[in-house]
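Following are the structures in question.
Both complexes shown next keep subunit A, but they swap its partner, so subunit B is in the first and subunit C is in the second.
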Partner chain A sequence: MARHVKLWILGTIVACVVAAGGTIPFRGTRASRGEATIFTQRPAATPARLHAQAIADEWRAAQMTRRLAEERVAVRQRDFDRPVLMMASADSEHATLQARIRASLDSAWHSLGLAETKISVALVIDPIEGSDAALPPEESWGPSYLLPDSANRTLCLIRLSENTGWRRAILRQSFARDNWLQPWLKANLGPCAFLAAYGMPGRSVRTWLANRGYDLALSPAWNDSTAPLSSILQSDREWWWPFVYHQSFPAVACLGRRVAGCREAVLEGASDDRPRANRTPVVTSDRRYWKRQRLIDGSSYLADVARQVGQDRFLEFWNSPLSVDSALSRALRQPVGEWTAQWQTRFTPPIRLGSSAPAAASLIAVILAIIAIASTAVTARKRQVR
Partner chain B sequence: MFDRRLVAFASLLLAARALPAQDTTVARLRHRADSLAIEWRRANVLALIADSLERERAIGGRDTVAVGALRIVINRSPLAVREAAVQAWPLIDSLYGTAAQSLVTRPYFIQAVDPDTTVRRRVLRVGTEVPWNLSVQDLTSLLLVNVPIPPPDRAFGDWLGGPVRPRLEAKAVAGRVYVRLVIAPSQAARSCFLGDLTGCRSALDLDDAEDAFLKWYPTALERRVALQRSFADYFNRPATAGSWNRCTRGDDNACIQLLRSIPHHAIPQPLDLEGRRLLVYAALRLGGRGAYVRLLADSNAAMSNRLASAAGVGLDTLLYDWRREIIAARPAAVTIPPWGAFIAFGWIVLLAGCALTSSRWRVT
Partner chain C sequence: MRLAAIIVLVTLVAVPRAAASQGKHWERQVRAQLDRTVNALQGTSRGQARVLNVGPLNTDESNSIVVELNPGKAYDIVAVCDEDCTGLHLLLSTAKYDVAVDRSGENLPVLHYAPTQGGSYRIKITMAACRVNPCWYGVAIRSS
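Now for the complex of A and B:
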């Protein structure tokens, strides 16, 4: 081996030893100030605590179902022209609160174009009971619905949990100017608004929606042509990646405008493979609703279908004895997957799926490669062999 | 023969069958919820026992370091816990006063861990993990920011943005609040800086007014700027684009309407939470050892009354004291040492000399 090569190798080894000596601390060395990093793990709950929490969740679901059933029995009055309002609390501010909610509810009802309906709707506003140590704390999270069933075929019940925050907001003097309650109540009418407007759906549609918790019929926004801001985009229109990674594969595929993914995302639950006994007329919203969505921003999907195809075609789909795929395709006049992929463009740009490099990065790489090849070629031309 | 009694009985039976169908369902659901509640109570008792056992296990075979009312349960390690506790206790005691004695029953649980090992650590159930090579200063800070004092009521916690913690960098915080008072795009903050205590009261959100933002940002320009800075993306979307465009074109009513649609706590406030913390520190300092207890005594009272009660003086006196501390913490202006000018001049001469003596560029 030539002498200068040996020198290079020796130099490299010495440099590595010096670098290692300078950077790797000896075991047990006390870190200098500012260098220590506090790495810690969060205290984890004991298995017994996790078990108690799971039972508490189960109790909340059972308690909510029970309350819905009790409140349906308590709704004596029926009104097919507008929703019945029932407020469980009765205090000094009750009359003002009820009057304001009543006015906003009527306004929301009329803004949906609803008049006399086949199914009546009742809105129950229920205070969460005070803290009782003998019971798990209840959660105030979104509306819950009790849809018509064999015990009561003409009433759809909506239950909202009252909390001090919105109670105070309604009682504020500036309430009339702000007018936030009407759109909020309108959004919370959810599947009951669909049932009021179109009646009980046919068997296939009913099974399909029940299997997926009516997630495509939660927002009765058939009169709103403006697309809401997507929940999956940040304010700078960038993807919110932790959110994306929590979603189902078909939902993400649909974000990527893959027609098959969109079709799968929409038609999930359409095959009637669940035992009938497992279907419940109760629809709930969960605080973890944003995880594993079947279709991103799908809460207004059926409302958008209704607006696009018009009332007659939507009713045809709603009551159709055909399979959901066939009935929806007929109403849309195109395959479900294609329409849904197009519909998704209202909310989000197409997401880039797979390991594809961005166009700008690819262009820079090509330019760098051309420069490297050109400079090598120029150097090679000037090389002289003696 | 047609028996009327039989008809009446049959009618009654039919009516009775229709009505209880729902009642049976309700009874079944009620029974299920009740039995789950019983099950939860049992599970909760077991969970409490398990949690208690974990705490016992966290204490077992460990040392307890006691400094003042501080109790620190820790495993054997080179971590300088006692030294850190000695430094932390006077700060904690002077802040919470008599309330600090409750810490005797609320120990820290610290698990000192080897920072270099790759051995998988035990699942942590209780306390905090700390690498055992942490310096005394860092450990003191850790003890101060994690004081196991009971949390305050919600109203106070919301106003302050969290619980009261000992001051770590008093001078720097007051300096930052000074800068904020000067540069905040708010008439309330500027008038506070100039000595108007009403402005200070508004800037610290102590007015308990419904539309407090009208005092924070009394002019149309201020309101528009506050919205443009913080809510441009939020409002510039289809549902609110109309109001937003009117607001940005100078329609103040539209701006007010948009501001009213935002929850009170979400509207950008003239002073950030550091200013409020300084006010609480001032109240606790003026109020003596019982101040913290008085501060949390009435969770329903207005924040201004609670602070005045804690300080034992009127709110204006408290605000005056707070403002004086901030004005005294005016950050030092950047100064150039006398030799700095000579060095700068030297560089200028050197670079000019290089430029003048270099050869001409020639293109061959």
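Now for the complex of A and C:
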């Protein structure tokens, strides 16, 4: 084989290796050290296992509904003008634990600007059920809510499962200095804080929020003007790509500041197409909440709307008989999609959507092209016809 | 006569007075209004007045109460609601048809009815407009 042919073959192989190095793995799916705990790929479950898990989830949901209903009956007889706190445990540390939670809960309530409200709030903290090994154990994840309904229009119930970790943290000596409990309880007031502050929403807003699990009214942060760090960004403000790929298309489109995507992300669930019987006053937090979010960082969306438009305009929207799109646009004084795209800039920079070549790979491709053209030119100059 | 009674009622209801009963601010407010109304009804002429119900309703929700009415008597039915309520409707009906209605759009509806036939009648209270839901309402009846 002629020497220059060998060089060509060698050059091609080297170019392929360089190109592969520049493009594989694909940008955005490169493994990061921190992802293993959440994003580890598990083998797909068998149909039988999936069926068993679905039944277990149904069981847990039914049990949760039952417990919430029972706890509401226990609370409803009381007369109160601040959140009621009910704790099931009665050990030696109970008094200290309850006093500290009581103080933080009152502080959280007042920080929201709430006093006596038409819809009262009760916080129930009780131990996880699960002594029977034959039944699916209760999951200690997030709070569950029983919103007011026709059986009780004036009480919103929050249930938290007692957790050994935070119990110890509250009883620790450094508790007063750390002061983590007040913001944590404030966040857990969730939709109950909204109902306490603004009352039960009108039919269209109620249906919209119920259809989407009150995801836009989970964080009553209407007095917090500083935006929290987005859950979709890493500490160095780089995109957390595995997280991005788990979200809904409208949510990602809104991250890209596409107005139509933002509008779709916010108004999903606004059309009243679910049977009335399927609506439940129970709101639960799912352990898979981070997957397929309808709007990234949307838990404080309505709190931000309330802060921006003021109480009167927010109440007008909240009780409006108009469609959600019309009522919200009217309160915001601009189309929902445009306002939401602007709102999203509080949390994240715009994400680049669509196919795009990474800068490093583009540079390598240009260098390879220059090398290929130059070597072709040199070879052509040296060619001799005999 | 009816107009004069309504004016007396409205005047009395509008005068604030410390509430004696327990409960939330809005519930106490409605109970106090209703107490004054019942007292005013009893004071204007002979007859019995009584509170039928006090409770919360969200906008567009309604509640029904069944009452026994006797022929030969005239009845005044009055409803009041809290400070956030801007529209309360009252409807009196038999099992077959409506006999009296006040949907004037105000928060103090009044019905006056003298039944020709005795029996069960249904009073339907509808919360037409409420600024912060739920709004508390109360309903009372006076026979003469």
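Convention: the second predicted complex is superposed on the first by the 298 of 386 C-alpha atoms of A that agree within 3 Å, B and C clash if a C-alpha of one lies under 4 Å from a C-alpha of the other, contacts with A are read in each partner's own complex, and residues count from 1 in each chain.
Here is the rule we go by: a contact is a pair of C-beta atoms (placed from the backbone, for glycine too) under 8 Å apart; a residue touches a chain by one contact, two chains touch by 3 or more.
Nothing here was measured: the structure is a model prediction, and the numbers come from that model.
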Touching partner for A:Ala134 - first (subunit B), second (subunit C), both, neither: first
Partner with the higher number of touched subunit A residues, subunit C or subunit B: B
Contacts of A:Asp81 with subunit B and subunit C, given as first, second, both or neither: second
Partner chain in contact with A:Gly199 - subunit B first, subunit C second, else both or neither: second
Contacts of A:Val305 with subunit B and subunit C, given as first, second, both or neither: neither
First, second, both or neither for A:Ala44, with subunit B first and subunit C second: first
Touched partner set for A:Leu218, first subunit B, second subunit C, both or neither: neither
Subunit A positions touched by subunit B in one structure and by subunit C in the second: none
Subunit A residues touching subunit C - in the complex, by the definition given at the top: 79, 81, 116, 118-120, 148, 150, 153-154, 198-203, 315, 319
Interface residues, subunit A side, partner subunit B - complex: 25, 27-31, 33, 36-49, 51-52, 55-56, 58-59, 62-63, 65-66, 69-70, 72-73, 134-136, 151-152, 172-174, 177-178, 180, 226-229, 235-236
Subunit A contact footprint on subunit C (complex, rising order): 22-26, 56-61, 84, 130-134
Partner subunit A, residues of subunit B touching it in the complex: 21-23, 25-26, 29-30, 32-33, 36-37, 39-41, 43-44, 46-47, 49-51, 54, 115-116, 121, 123-131, 133-135, 137-138, 142, 210-211, 233-234, 237-239, 257, 260-261
